[in-house]
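Same chain, two partners: chain A is paired with chain B first, then with chain C.
Entry: the complex of A and B
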C-alpha cells in the first residue's frame, strides 16, 4: 500500500504540470485587462498601458509563464492584482469558509442522503419509497440559486430563525455560534447532492439485496438491521464512497452560487469575482489548488477502497 | 399685520417641528451595515475611478473643494480663495487647525504634495495638468496655483469626487509615488477613518474623534460634517436578492445597486425607505467615429432618427419614478440644463432613418453593436434599441460580453461600431469623460476642440453657459453619442436611518454617511 501511495503521489506531478500550463494559457486567452479594471472606467489608454507594462502583462506569454512557473516551484503563487496581497493569503482567507461550508454540506448529504437511500431500497415500492423518490427528484431538480433564496425568505426574512448572510469567521466575535450563518447555505448546498446520493444508494442497495449471500444471511436468522447495515451496505460502499469523495471537492470548490446568494467569503465566489476582475494570479492559484484537491481526494478514495474491500489489493 | 407675522412664525415652527419629529434629534452611536455589490479594488480613491472606491473613500478623505447638492463646487478644506483678474493665479487660503487622522495638522506642504501626486499619477490628473504651470506655498496656510491659461473648471476639477484630488499628509503622498495607498496609509481629514478590511467579508471605518468640521451649513458633499455613527461596515453582497432580503431581515441597514424592478415593492414597505439619486445619470450609445461605418455622420444621424426613447428607457429602468425623457446633456436639476438642439432627440422616425442611411450609402453592412450582461440595464437598453434599428432596416450584429471584455475591446477601433455605457452627471462640462479625444469613440472634430477649449478657458458663467448651449446643438447634429435619457439610481435603507434625503442631505451618486444617524 505504501509504495502504491508513493507512486500515486509521484504521478500527480505531471498532472499538476499539465494543469498549470492549461490554467495559465486559458486565463490569458480571455480578453480583458486587469490594469483597466484596477484603474476604473475613466482611465486613459495611456495610463492603462503604463500600468499593464508595470505589471509585466505586455510581455510574451511564454515569458510570463516562465516567470510565474519559476515562482510556483518555490511555493509562491504570486500576488493578487486586485487585492495586492499574496495569492496564498487571499485563498487562505477564504479557505475557512469553504472548508466549514463543505463540511456542513457534507453532513447534510450523508445524514439525509444515505439513510433515505437505504430506507428506500429496503422498503422498495412502498409509499416511503415513492415519497423519497419524489423528494429526491425535487431536491436534485431545484436550482440551488432558487432554493437558497427560498430558504432565506422563509427561515431568515419571515421566521427570522437564521441570519440572511454575514458570516465572517468562527474565530471572530460570536465564536462557534457564527456557524448559524452557515446552516441555510449548508442546506442549500447539501439538499441537491443528498438527493443524488439517495438515488445512488438506493440502486446500489437494491442490487446487493438481491444477491444470494443476503438471502443466506436472512435465512440463518440474522436480524434485518444487521443484514442491511453490516452485510448489504458495506458491499455498496465503493460507489457511495466515490460519490461522497467527489461531492466533497464539489462542495468546496464549486459552491459558487450558494456563496454568492449568502454573501459568503468562500473560494467559489473568489473564482467568479477573479474572472470578472481578470485577476490571473488568483485564478491560476485556485485552479492549481483545486486540481490538487481532486487528485488527492481521488487517492484517498482509492486507499479507502482497499481498506473496505479485502479483494482490492494494490 | 402682527397677526400675519404671528401666523407665519407659527406655521414655520409647525413645519420645522413636523420635520423634527419625522427625523428625530441626532443620536451618536451604532454601526451602519452597508451592503455593496462587490469589493473596491483599493481604498485610495484618487488612484481609480471605480465608483465603489469613491463611495467608501470619500468618508476618509476630503478635497480642497466639494460639490454641493446641485453639483456646484464650494470650498471645503479651503477657507476662501481668489482668482486673479487675468485668470492665471488662484490663491487658496486653507482652513486652520484641520487635522489628519494621524493627528498632524494639514498645511500648504501637504496640499502641494497631494496635488503633485494627483497630477502626476492619477486617472483624473490629466484634467488639471494642462492648466497648471507651477504651484507654491506662500505660507503654511496659503497655496498659489499659477496657471498656463484661465481655467473656468478649476474648482470643479478640484471638487470632482470620483477619482478626486484628495489631500493626504505630505510624507505619505511622496512615499507612495504611483502606487495606490495601502489601507493603513489611507490617512485623510474626513469624519471617518480606516479600521480594518477583511477581503470578501467587510471593510470597516470608524469615527475620527478629532475630526475638525468646516462648521456652518451643509449641502450635499459640501459643508459641515458630523460623524454620528461609531462605525460603518461595507459588506460585499453580490446578489441583489440577498441585499434586499438582508435589508428586510435587518441584517443590513443600507443597500446599493438594487434593480429597478424592485423599486415599487421596496417603496411600499413602511420599515424601509427608498432614496432616489438626483441629479440623474444618463445611459448612452456611443459611436466609433474613428473608423468603420459609423465614422460617417449621416449614418449616426440615421441611427438617431430611428430611435424611440420611451420604450428603451422603460425596458432598462422600469418604474417611471426612475427615469425621464430628456435630450439635455445635463439634467434639469443642474445649472447646465438646456433644451438647445434637443429637437433632434427622440425622433422615432424610421422613414427618415432609412432616407439618411440611403444618403450615407448604407448597403446592409453589419453594424457591430457591443453590450454587456454585467449591467442588466445596458443589456435591456441595447435589446430594445437594436429591435428598433432592425425595424428601420439596419443590419445589427449584437455582440454581448462581460463588462471587462467590453472595456478591453472598446479601445480597438477595428472591433466595434457602437457600444452601450453610462455616465454620472459631473459638476462641470469640461470634465465630462467622453469629451476627451482619447475616450473610445475618438471624437476629434476641430469644432469640438474649439468648444471644449473655450468653455474650459472662460471663467464667467453666463458666457460659459451660452457656449454650452451652442455646443449642445452641435452635439445633437454630429451625434458622437446618443444620450437616451435621464435615469435615477436609487438606494434602499432601513427607516431607522435618519437625516437622509433631506434638504441639506440630498441623495447623491455616492451615498455619504456623515450627518446621518441610526435611531434604533
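Entry: the complex of A and C
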C-alpha cells in the first residue's frame, strides 16, 4: 500500500507538469505582451521594454516555462496586478470563506444525498422513492444561482431567518455564530449535488440489493438495518466515495457562482473580479490550484479503494 | 422521425417536454410578433412595476418589459445553446473519431482532452472568457471548448468499439479510404449515442451560458438573456422579485425538457445506452 501511494504520487508529476503547461500557455494566449498588460495603458515603450527584460519575456519559451514552473513548485505563483501582492497571499486571505463553504456544502451533500438514496432504494417504488426521484431530477435542472436567489428570497427576505449576504470570519467578533451567513450558500451549493448523489446511491444500492448474499443475510434472520448498512451499503462504497471525492472539486468550482449570489468574500468571487479586472496572474494561480486539487482528489479516491475493498491490491 | 414521435407519444412526460420545446422554438422565431414592447426600450416612467394587464410579467429598473425580454431571451438562449452544441459535437466527434482510428495520434489528443477536463467547467469557461473578452461569439467558443472533450471522450470509446467490427474490417479489405471509413462507417454508427449526449449537453450549455450572463462575464447586459435578466433582478430582489422569477422558471423548464427528451431519445434509440450515458 505504502509503495503504491509513493508510486502514485510520483505518477502525479507528469500530470501536474502537463496541467501547468496549459496554465502557463494560458498566460501567453492573452493578446499582447504580458509586461504591457501588467503596466496598463499609460506605460511608455521604454518601461514596457525594461519590464519585459526583467520578467524574462525575451527568453525562449521553454526557458521561461522552466523558470516559472520552478517558482510554482516553491509555492510562488507570481504577483497580482491589481493587489500588488503575491497571488498566494491574495488567495490565502480568501481561503477561510471558501473552505468553510465547501465543508458545509459537503455536509449537505452527504447528509441529504446518502440517506435519501438508501431510503429510495430500500423502499423502491413507494411515494418516498418517487418524491426523491422527482426532487433529484429537479435538482439537476435548476441553475444554482437561481436556487440561491430563491432561498435568499424565502428564508432571508420574507422569513428573515438568515442574513441575506456577506460573511465575517469565525475568528472575529461573533465567533462560530458567523457560520449562519454560510447556511443558505451551503444549501445552494449542496442541494443540486445531493440530488446527483441520491441518484447514484439509489442505483448502486438497487444493484447490490438484488444479489444473493443480501438474500442470504436476510434469510439467516439478520435485522434489516444490519443487512442494509453493513452488507449492502458497504459494498457500494466505491462508486459513492468516488462521487463524493469529485463533488469536493465541483463544490470548490461552483462556489464561484454561489459566492457571487451571496456576496461572500471567497476565492470564487476573487475569480470573477479578476476576470473583470483582467488580473491574469490570480486567474492562473486559481486555475492551477484547482487542477492540482483535482489530481490530488483523484489520488485520494484511488487510495481509498484499496482501503475499502480488500480485493483491490496494488 | 416517425418512430421517434411514436416513442415520445407513449410517454406523457416526454410528450409534454417535447411540446414545451416546440413552444420555445415558436417563441424564438416569432419573438417580435408575440411581444407588444421593444425589449431594449428604456422608459423610466414605468420602472419596477409589478405584473399587470399592460406588462404581464412586470417591468425592470429601466422600465423595460420583462415579458418581452424573457421572450427575446429565448431566442438568445436557443441560438447560443445550439451553436455551442454544434461546435462541441463537430470538434468532439472529429477529435474522438480520429483519435480512436489513428492510435498513436489518438493517445496524444486524448491526453490533451483529459488535461482540459481536469479544470472544472466553470473555471475553464471563466479563464477563457477573461482571454477572449465579453460577447456572444466568445461565449460560444469558450463553452464549446469546455464541452468538446466530453463528446470526444464518448466518440473515442465508440470508435474503439466500432473499428473492431467485421463491417469495418471488410471495408478496409475492400480498400475503402481511411477518411471514408471514418465518415461513412464509424461516425454513422456512433450517431445515436452522440445525439442523446448532445441533448444532455444542450441542457448543460443553457445553464452554463446563463451562469456566465448572471456573473456579468457573458453577453453585454443590454442584450436580453435569461441569466442577465436574473442578474438584474437580484439587485431588486426585495422590491421587484418578479424580475428574477420568470426567466428562472424558463431556464428550469427548458433544461428539464431537454433532459426528458434526452431520456426518451436514449430509450427509443437503444435501451442498452442506459448503461453508457
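Note that in this section the second predicted complex is superposed on the first by the 267 of 314 C-alpha atoms of A that agree within 3 Å, B and C clash if a C-alpha of one lies under 4 Å from a C-alpha of the other, contacts with A are read in each partner's own complex, and residues count from 1 in each chain.
The rule we apply is simple: contacts are C-beta pairs under 8 Å (C-beta built on N, C-alpha and C of every residue); 3 or more make two chains touch, one makes a residue touch a chain.
The model shown is predicted, which means the values in this text are computed figures rather than measured ones.
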| item | value |
| --- | --- |
| Partner chain in contact with A:43 - chain B first, chain C second, else both or neither | first |
| Partner chain(s) touched by A:83 [first = chain B, second = chain C, both, neither] | first |
| First, second, both or neither for A:138, with chain B first and chain C second | second |
| First, second, both or neither for A:153, with chain B first and chain C second | both |
| Touched partner set for A:213, first chain B, second chain C, both or neither | neither |
| First (chain B), second (chain C), both or neither touched by A:249 | second |
| First (chain B), second (chain C), both or neither touched by A:260 | both |
| Chain B versus chain C as contact partner of A:270, first or second or both or neither | first |
| First, second, both or neither for A:165, with chain B first and chain C second | first |
| Shared chain A surface residues [contacts with chain B and with chain C] | 30-31, 149, 152-153, 157, 260-261, 272, 276, 278 |
| Chain B - residues contacting chain A, complex | 33, 35, 38-39, 41-42, 47-51, 53, 123-124, 126, 162-163, 180, 182, 198-202, 235-239, 241-242, 245-246, 248-249, 251, 374, 401-405, 407-409, 411, 421, 433, 436, 438 |
| Chain A residues within the chain B interface of the complex | 30-33, 36-48, 82-85, 90, 93-94, 149, 152-153, 156-157, 160, 163-166, 168-169, 260-263, 265-266, 269-270, 272-273, 276-278 |
| Chain A partner contacts - residues on chain C that touch it in the complex | 111, 115-116, 118-124, 126-127, 129-131, 203, 207, 210-211, 214-217, 227, 230, 233-234, 237-238, 241, 244, 248, 251-252, 255-256, 259 |
| Parts of chain A lying in touch with chain C, wherever the complex brings them together | 15, 18-19, 22, 26, 29-31, 137-138, 140-146, 149-150, 152-153, 157, 249-250, 252-254, 256-257, 260-261, 271-272, 274-276, 278, 280, 283, 286-287, 290-291, 294-295 |
